[in-house]
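Both complexes below contain chain A, partnered by chain B and then by chain C.
Our next item is the complex of A and B:
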């Protein structure tokens, strides 16, 4: 069955091959394991980009296929980052505390160590006690489970409330924006227990791997990101390949009709919303150790809107479109906002791309929406000859579904 | 005679307008019934109530041998109970192939997890092919539904209904936009379907109803005006006044 799945979806094989070649190329060009053609920080940028591609695949599932325009998936991404960040920060601090206390005349008790860790981590927000949510921070296994469990449960509860009340379309988008904004504002508070606006930092230092230089670690994380993207992509392709894919595309195009076929639309939406939130959590857990810091600003509403823009520019309703959009836009964005793009001097005014990039992005989003609704990946259609029904001209018959002028001419 | 569906004393009003007024209706497990009535008589609202789209203000709708109340179920649950509906305008999934449309309609477990792991067996594919042949779309299986003509979409939707294997078929103006030959085919299909299940047809076209040769219910201002054979109801003076005379 698996072979027929790949045979029926050649784009999956092509995608995996391209991703594999890209991973090899980056490995050989890296500072840590290769010839040093690209810097460690750029390897990290590429690794982060792959995790962004993974959350874009999740977004494409929920928006491009099922038509749920969620503008809150970066909340799940951020939560995934926080969950892994808690363990990274706790364990790393514990290591340092234990080392520094090792020379003390009297060996420290366990409680003293925990207190010292608390002072180290929470001193910045004027506290030294561990909040209840840090109860499992000493266990990597539990925090890894929480990476998927916390976004999953949040999405399940939020989605159950929203979908059960049949909130759809733009109202659902607004609700998801409200959710991510509320979460971000809550985390900004010092007493939220996650260090307020300082966030969790030093995440690039992986505990017990001090002897491994960052140049090598960055390649390891790059591999992990590539593997996660590959697995996420195959999973998403499998989900949309069968009848499930048919049903969710049906929900996107005509929700009421799917209901009258006997499918509980709410159940499908809830399933998809929750699963994609978990994927977003995994992506976040891989992103933030490469970024080094996670703070509440990461889950501000604008981040989730960017996500929608990537998917729209790349091409909704096909998985490689989401990947292309996320990779292309985020890399170009890095180039423009990193000060590498040359400023344009108009004589009377100098266009500085750091400021003007968002305007350029906004314009290209509008342009894509108006002139190329299939996004960048629409290019592949010309090549493969894939086409969707051409429906132009006025209705010939009395009903909206009737044959249209241009069709009739064929 | 046992009844499959029993609607009794149902009323619903929209902003003070009584769309359905104390309507009662019943149909047996293998029966063909036509519903006629002038515009605004409540024909579509009647179907909306049975399929769960509209909740009535009063009355009961009982279903099946166990007389279970339909009003407490969601649209999807009612559809799973065996109520299939064809809309006035053809609503098929235009971005998907004819085969995908039919596979989606096939009577199978509808739960998300079951559907996720479901893959069509050879039997299912054969069944879809048989259905497609029945509705004259055997050659169009891999085409996208959006590319079909209006009449073909009507057929596809009828095929999807048959694939659902419903116990009660609600059909809203099936012959709209069809050629005379297609109408004849539709008549045959509906008569054939009514041998094993209940079929309710809403139609304006008297000639079409005459060919169906079944009991007719005349709706007017949200309640039943007359019921009986076509000749019986067309002889009724009230029916002539409100409907035929216009």
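Our next item is the complex of A and C:
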């Protein structure tokens, strides 16, 4: 047990090395700081993909390791985006308002500036007053705290309610999905205080950094995303490597048995649920300034289910699997839906991938669930020749009956 | 030849009648001649005696005279000054005598003068005509007159209406006349006690017309009085400036608008005034850069005001002093306090009654929403509730059913026939889809619920996109047959559309069908056996694979029929099912998994909850869904296994 953390987890080092090399490569190839081989928008896409990989790691922690299929983590992701978006939008609008008012004969009072910002931001929803939730929007520090605090508190309250009443399995999934739906419907209203279905926009313009071109800014955000992913990955690997990791895997495989052994199952689950929600919030706070806009449609339950799809395709129960899944599926998805994939002409019908990609994704997802429960990263097992018998049974699911059932059929 | 003879005869008749007319004028013509001067003058101010004379003549021809007059068909012959009704005819105008109703001849337009009453006079004539129309022997005419009276009444019509009630033979029309008489009495009767009596008569009535008659009585206007309001003003309530009903700014604006106080200097006005008086970087000795402070602004403005350059600045205490010198009151337009009190009391009683009826209406709405949720969830109650298979593609089966209905309607134009075909066809389509899904995917995933959830979700997004590719993103209509259009109206408040009743009935039918299949058929028995213990069931000779396949198909098929029903009142889109899936699962979970009565209760609970929240906050149906879901999450805290929880071994996960 006295071996170091990294020695016990060689995959972490490999992952960090690959991520570092990738970051360097993108930096040198970027328009802003390198040779201009890849466009600024693609750098942004890659940066966004890294943040998606981060939330996939969080999802893998909570689903792959603890067996809680949460269909609400993208809501936490969106909330993180909203929190940082509030500051970005407020500060940026303030800059514009102050500039435009500087030419007035009489210098504006503070109240006049705030009123003008309110009119600018809330004009689209027919209001001009700041709702109470914008109270701290003028402070970057407080909004940064809220990026983790808001998803964290929501996850804490929801998780406490759900876990203490022993809601597990698919019931918990449906409940988290309902929570996500409730949140997105709430945000869709105009009087939710977050601009209804318009969402927060113009987030790509960072206040006080007007002189920095987007091409450079995109690389900075790429670095930040890579750093966040690296830290998140190491944190996740550290969490699952020790005794804590053993307990949560135990909860996944047989919750009742762990409870009888004297562990506070609810406490472990609640901690993991809350921490991953915070990670999701951070990922969102990095994603949306690169995307430029955050609106309630992003929070809709379907997004959280896609998150589960990425992790399942990548291979759940191992952290690099989640990263591979998120990166692979979201990049392929961008490629197909961006209209770059060549159409397939069948003679009688032309398959346009913009329309058919979702069908392909859905069916391949079914195929992965049926035929390759280990996902893409199952390839690494073949490659390393690792075929441990205890893993074989565990991946089939938390229900001890499942293995027997399958054997009986075969 | 013939024409000549005709003309000769005509001329003879004309001469004869003219002679007759000159000899002895008919009674109506006499009246008209007596009032000829004011009729020709055609002035709204002086015409009334002429109209009264005609209407009050008691002659049977009075009505036709008034009608001709109103329709500008009354002409006066210049030669002898007689009045006729005239119709356009060959060679001029055919003149018809009012008294005899006979054609007296044809005259050139130049020989005639048309009587052209203006709109004011025509309205007066119309009022006079109402009396005749209300007593017309033709029931249709009376009904028309009554309808127009109900739409647009005035004080003058009250008496003719009252006079016509006694003689009304038709009981329906008599009831309508009596009701209208009460309403007009409320609005127009000069006697206060009569009005109050009428108000009290109508106090329990739910009709919109009663409220329309009462509301103008209690309409108020905000007015300012120096000191206390005078005694002859009917005050609804006194308002204090600074209260919620009357903010200080508004109260003061009332004062300044009425010229009772100098206008308040707004911050915008201060700013504009300061900008005007900048001199070399300062305003009245205050540096411009310091003016971002509101206090400094006021200071600079006061300095300007002292120099007489701008109107004086009003401090808060000056405003308060001005406000305290006046009182503000909402004043009824109706002068009589007794009438307004009676009207307020009557409206309060009506509103209580309307409230109760609205609650009933809300209950019906909730029931129908509940039955929609029940329809959407009943298939899930089989696949999820009984079999324990979580099928996220259930919503897409609903959507497939709705599209089946749409396609059938394209092929069979008759809506009744197409629905009759669509329902079994939708069952067949989704039944097959369900069987295929079960055989290909779900069979391999029994006892792995999370994987089932994800795999069926993959199916769900694929199906949604597939239907989007086939039918486009545009919403498709699924039209209900005509006999399902319209609504069952109980009174002005409570009504329910037939289609919702049909869906309620359909939900009940499905409940019966479900119970029948599960409790009375071989399939239901086998399903329950396989669900409880598949190994034992297999040992008893039941083929679990076949039973699972059929049960899943049945649940999916019912979803298809639900899709047709839902498609009838919602537009058919590829997201149709996805909109219901979360609510459907909630319905099953809240009700209690594995119990159809629980699903029924769950649907009722969720439906009434959603309608109840919508009623509390009617502007916002999105918020209603949010609060409903939050409520469900809290509900599950207290009854984690739903309203009706299974006990014993069947309750195992």
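Basically, the second predicted complex is superposed on the first by the 385 of 410 C-alpha atoms of A that agree within 3 Å, B and C clash if a C-alpha of one lies under 4 Å from a C-alpha of the other, contacts with A are read in each partner's own complex, and residues count from 1 in each chain.
By definition in this document, contacts are C-beta pairs under 8 Å (C-beta built on N, C-alpha and C of every residue); 3 or more make two chains touch, one makes a residue touch a chain.
Predicted model, so just to flag it, every value in this text is computed and none were measured.
Visitor: Between chain B (first) and chain C (second), which, if any, makes contact with A:218: first, second, both or neither?
Guide: Once the two structures are laid over each other on A, A:218 reaches no partner at all.
Visitor: Please indicate which partner A:359 is in contact with in the superposed arrangement: first for chain B, second for chain C, both, or neither.
Guide: Touch status of A:359: second partner only.
Visitor: If we overlay the two complexes on their shared chain A, which of chain B and chain C does A:40 touch? Say first, second, both or neither.
Guide: Neither partner.
Visitor: Check the residue A:250 against both partner chains and state whether it touches chain B (first), chain C (second), both, or neither.
Guide: first
Visitor: Based on the superposed arrangement, let me know which partner A:178 touches: chain B (first), chain C (second), both, or neither?
Guide: Touch status of A:178: second partner only.
Visitor: When the two structures are laid over each other on chain A, which of chain B and chain C touches more residues of chain A?
Guide: For chain A, the partner with the higher number of touched residues is C.
Visitor: For chain A, which residues lie in the overlap of the chain B contacts and the chain C contacts?
Guide: On chain A, the overlap between the chain B and chain C contacts is residues 396-399, 401-402.
Visitor: List the residues on chain B that touch chain A in their complex, please.
Guide: Going by the criterion above, the answer is residues 51, 53, 74-77, 79-80, 84-85, 87-91, 93-96, 100, 103-105, 110-113, 115-116, 118-120, 144, 146-147, 149-150, 153, 160, 164, 176-177.
Visitor: Write out the stretch or stretches of chain C touching chain A in their complex.
Guide: Touching chain A from chain C are residues 271, 274-275, 278, 288-289, 291-294, 297, 390, 441, 444-451, 453-455, 457-466, 468-469, 578, 582, 585-586, 589, 620, 622-623, 625-626, 629-630, 632-634, 636-637, 640, 653.
Visitor: Hey, which residues of chain A end up touching chain B in the complex?
Guide: 1, 239, 242-244, 246-247, 249-250, 253-254, 256-257, 259-265, 267-268, 271, 388-389, 391, 396-403, 407
Visitor: Along chain A, where are the residues that touch chain C in the complex?
Guide: Checking each residue of chain A against chain C gives 67, 69, 104-111, 158, 161-162, 164-171, 173-175, 177-179, 181-183, 185-186, 188-189, 191, 301-302, 305, 308-309, 312, 355-356, 358-359, 361-366, 369-370, 373, 396-399, 401-402, 405.
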